[in-house]
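One chain, subunit A, links the two complexes that follow: it is found with subunit B in the first and with subunit C in the second.
Up next is the complex of A and B:
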């Protein structure tokens, strides 16, 4: 089986990055953040997006230095084989963990808000073939499809935020948490972030012309701004009752006084959540495939897809319909898995890169 | 044709699409229509009873889908008892032969008798229900919730005004408050623990009807009389802006629309309403009663600490428009288009508004209910000073009685 990952342009890269930055952040995260760090919790995504920005900047530097090489080649060039396997194993577990969390939250959202009678089988049947097909078709097809949906995604997201602002009717209470509570919440919810790592996995496929980097940086900035705005609008709209509302983007649309006049506008946010889910799962599958290929680089692509599907089907059955387990895993296990690929590894790479540059200058 | 099939075989996604259509479409054809599977509940009432093991009586207003040529909608009130809300709803579902669907629920009604207890206990089932919308209205009534829904049934069936709409725009008016489940919980879970809901009493109304006419299609009216006409006594739901104030989930204060006006003048947040100034005498009016419509309002709170005690300045800026004049013996044309109030009259109006504002603050102080949420304002303004002030109090819960208020009123006449 052959997966043809043709190169993608700056716009496609930016749009894929834009879409993936919403993953795991627009449904249950704002409610959990408020639970842990009250209204000040909106600083958490801002700080974590700064880490993501640092990652993007690192990627920009490395890409400029090695324009045609893959991340795998770069690691092979400077490190031992086991290092490459360790790094890619960390990536594979990181992205797989995120996939499970994302599917679980979206499944519960679909079951509670869209179709009460839907079983796991129906949702899997509707999702798995599509994401597998899109992943097999290659990166360029994914990029082009994302490009097609991009205006719809931006339009609906902006509309949701504007409608959400209409629901403001209370003043939040500040200064309710101490530093330890804040940083504990910060650590617990680190796993939904760090999606910029995906760029490293497709490094050789990304072709960015001179002067086009601003597109990638702008789309990254726009996505961060929108995600932070959704979280802030949600926190201000719901404050003390945030724990009763686990699906932030959807809840923004459902809490307006003029609801009856506007009709069921929350259906619009349902549409965008479903579109996001398809793209997020596909991008995570692609990331898993690339990570798997980094570990077993002599194996055919089909094995990475089969492994993903098999693991997904087995593990999802333990998680589905149990938001408590998913939240427990997301808050207590995934952060430890996230720390290495998101914080430690980029930090090491940055130090090596900096030292290498200084040595070359001297 | 052969070429066509070859093309399909070459396209696996097309095969998958056909399989999906077959799997999902055919079973869907054999499914029962959702309208026959679920009872669409639009309003739900909770009463408590003491009948053996049963503690709760749940009544709900359910929409009856029926083919008809007119625009009238048909509703039915269903009542069931159980040991808890879930059980009572299950029994109600059995009665109807449908599952009770609460996704379209727009109003929850509580019997006045429940309000002395912590009402969050009765609402627990509802807040755990994911399908419930945040905009569901929560109201209390003077009689049983079942009787209220019977009155609501007539209103919903006979007119385009739905019972849930009666309180939809409550908080636009100076006399009333927002009454949703969401705002109730926000207040209860907030720092002041104070929340408010609308109180909608049902009042008896007598109507004369011609003999022979149907005695109310829905059968809840009590007819009496003889001869050519009969007197029907019906229960009507009244929204006079009456409000129940809760602290820690329990009712602590009942306010009528005029008391709410005093409090809302201190809180702000309303859009419209009217203010009446009595016995105005100047070059234009002679012992007249003037009513002004509130056109615009702005509230500005400021705080300064004096000896560690917060002094709150409430600055109210109102734009008023003369909407009604009661001035016997004067020709109304003189002051209908152009009117000019004397300085003294303006002063009197400001004085009157200030007095109403102070009365609103007094109500809050007397009952120890921080309806205006001064707590959040003071906490956000200067956390350290405010908490130092709270710690200096013997009873920090009674902080509102130790606050000093200064009021100032600016009036523009538009």
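Up next is the complex of A and C:
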């Protein structure tokens, strides 16, 4: 099976990054954050996006040092084979774990808000063929399709925020939690972040001219701004009842459900959540495929797709299909996986930089 | 050369077809033979320009004198084994007993209609002429737009049985030479028994011949083809077809209409936005309606929900069967009205609209909202008639998806088909350019249309020779 990942431009890279930065953050996260750290919780995404920015900066540095090489080649060049396998295994676990978390939250959203009477099967059947097709079509097609939806995504997200702002009715009270509560919540909800490392997996496919980096950084900044704004607007809109509303972006609109002559405008946010879900899952699948290929680089692409689908179907159907389990996994297991993007990966890159420097000197 | 023997030989090579005509005369001991196909030869011109001057000539006849005597347009000496080819192209062959050479005089004539406004693309303002089935007329129509030496015509003959004349037209210095070469080599590589219409070569030129998406541009209007050639595209005229093809093709071309260029640009922009909305309604309208009815009735505003519930509660069919039935009924009526004579077409409309539609609703078999949704979706297809086959196909797919997977499936399918369209590149042009990949300068003539003096450069969606189309100072 051929999966031709042709190169993508700075704009397409920026848009893929923009979209993935919304993953796992616009539905249940704001509600959980409020539950743990009250109104101050909006600092958590700001701090964690700073970590993501550090990862993007690291990517910028490594891409400039090794412009045409893949991350796999770089690790092979400077580290032992087992290091490469472990790193790509960590990539695969990280992205697969996030896929499960994302699917669970979306499933619960769909079941509650879109399909009142239908089961998991219908949602799986709608999602899996599309994400598999997009992943097989390659990175360039994914980038171009994302580019097509980008104005819709930005437009509707901004519209949701503006509508949400209209729902402000009181000023929340600050300083209700102590530092330990804040940092505990910070750790529990670290797992939705760190998606920026996806860029390392497609390093050789990303073609960015010197002057084009600002596009990637700007889109990164815009995504962070929008996500943080959604969280802040949601927290101020619902204040003390935030923990009761698990679907943030949707709830922003449903607060003012029937708006003047426009009717039910919350349908718009529903559409955008579905669009986001498709792209998030596809990007995670592509990341899993690339990780799988990094471990078993002699195997055909079909095995990575089959492995993903098989694991996904088994785990989704038998292990995690309710909100309590999803929250438990998200708060207690996945945070430990996040050690990889925020600590291990930067450490490995630091070693690569060090060895690269020493080789140049010698 | 023995004239009668040669004529017999040529007749045999044409299988003694009944439209092969020959005349033999003798002048001063020289036998002169004429052979031609009376079905494609102008007999009157033949007698006035060939037969009479030769038969009335008083002196000695030889090959050079015959060449001087004939008053034909295209007089040439036949190359070896090309006698049959020349006759089939409307030539009259003149054979002399005192010469080994054979003279061919072009005398082609067949009935062809005069250029008229094509029924598929009428305009309110702007040129009304359309291409005809005669490729020479079509070349003339194009030549009238370009009084320039840059207009180049190159011919390729395709089809073992039909030997159809295909003419590749482009503007030298504007069209990319690689694309021209690619087109010609693709045409030359076609090994087929016959080409009946230009559509025969559409799939043979496409990079993805099995795809249901249209990949080659088509138009019946010389002004449209000229405009496309000015942008750097290559046109392909096929003999016996009034449809001229253009490559490279992007989806946007069908969203544009020649009317857009003969009216105010702000109004053109509005029309394009309306067209885009119409495509959206045509493709997704029925699917969304059925998904809302079957799965997501809870997300409908209460007023709409009451109206729909009120009108559908007595209907014996499921929404899927109902919408599929009305869609199929429309399709049948459409097919019938296309093939029936116009005086019977009115009767079909009465049967369709009044008896089937109105009575169906009154009898409680069909619900009014469903009829309205299907009618809107079906009418909306024809804002872009060039894409009607694709849109109709997508309509049925979205009806099935809407009925089985709901809104999630519809959005998924929309992403699927858009990504599928993104996989298509013909002659280096991405199918959905300039939207994806986004090309800013090409979007000046995309959904929005700017005044013509702002469109400084030709499109960048496909390769053409870089140049300024207009000075900004104008």
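We adopt the following convention: the second predicted complex is superposed on the first by the 339 of 362 C-alpha atoms of A that agree within 3 Å, B and C clash if a C-alpha of one lies under 4 Å from a C-alpha of the other, contacts with A are read in each partner's own complex, and residues count from 1 in each chain.
Here, contacts are C-beta pairs under 8 Å (C-beta built on N, C-alpha and C of every residue); 3 or more make two chains touch, one makes a residue touch a chain.
Everything quoted here is computed from the prediction, not taken from an experiment.
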Partner chain in contact with A:239 - subunit B first, subunit C second, else both or neither: first
Contacts of A:254 with subunit B and subunit C, given as first, second, both or neither: first
Partner chain(s) touched by A:133 [first = subunit B, second = subunit C, both, neither]: both
Which of subunit B and subunit C A:12 touches, first, second, both or neither: second
Touching partner for A:123 - first (subunit B), second (subunit C), both, neither: second
Touched partner set for A:274, first subunit B, second subunit C, both or neither: second
Per-residue touch tally on subunit A - higher for subunit B or for subunit C: C
Touched partner set for A:322, first subunit B, second subunit C, both or neither: neither
Overlap of the subunit B and subunit C footprints on subunit A, listed as residue numbers: 113, 116, 122, 125-126, 129, 133
Contact set on subunit C toward subunit A in their complex: 295-296, 298-301, 304, 404-409, 411-413, 415-416, 418-420, 422-423, 430, 432, 435-438
In the complex with subunit B, residue positions of subunit A that touch it: 112-113, 116, 122, 125-126, 129, 133, 169-175, 238-241, 244-245, 251, 254-257, 259-260
Interfacial residue positions of subunit B with respect to subunit A in the complex: 12-13, 16, 20, 23-24, 106, 127, 130-131, 133-135, 165, 168-169, 178, 182-183, 185-186, 189-191, 373, 375-377, 379-380, 383
Contact set on subunit A toward subunit C in their complex: 9, 11-12, 110, 113-116, 118, 122-123, 125-127, 129-130, 133-134, 137, 141-142, 144-145, 147-149, 258, 263-264, 267, 270-271, 274-275, 278-279
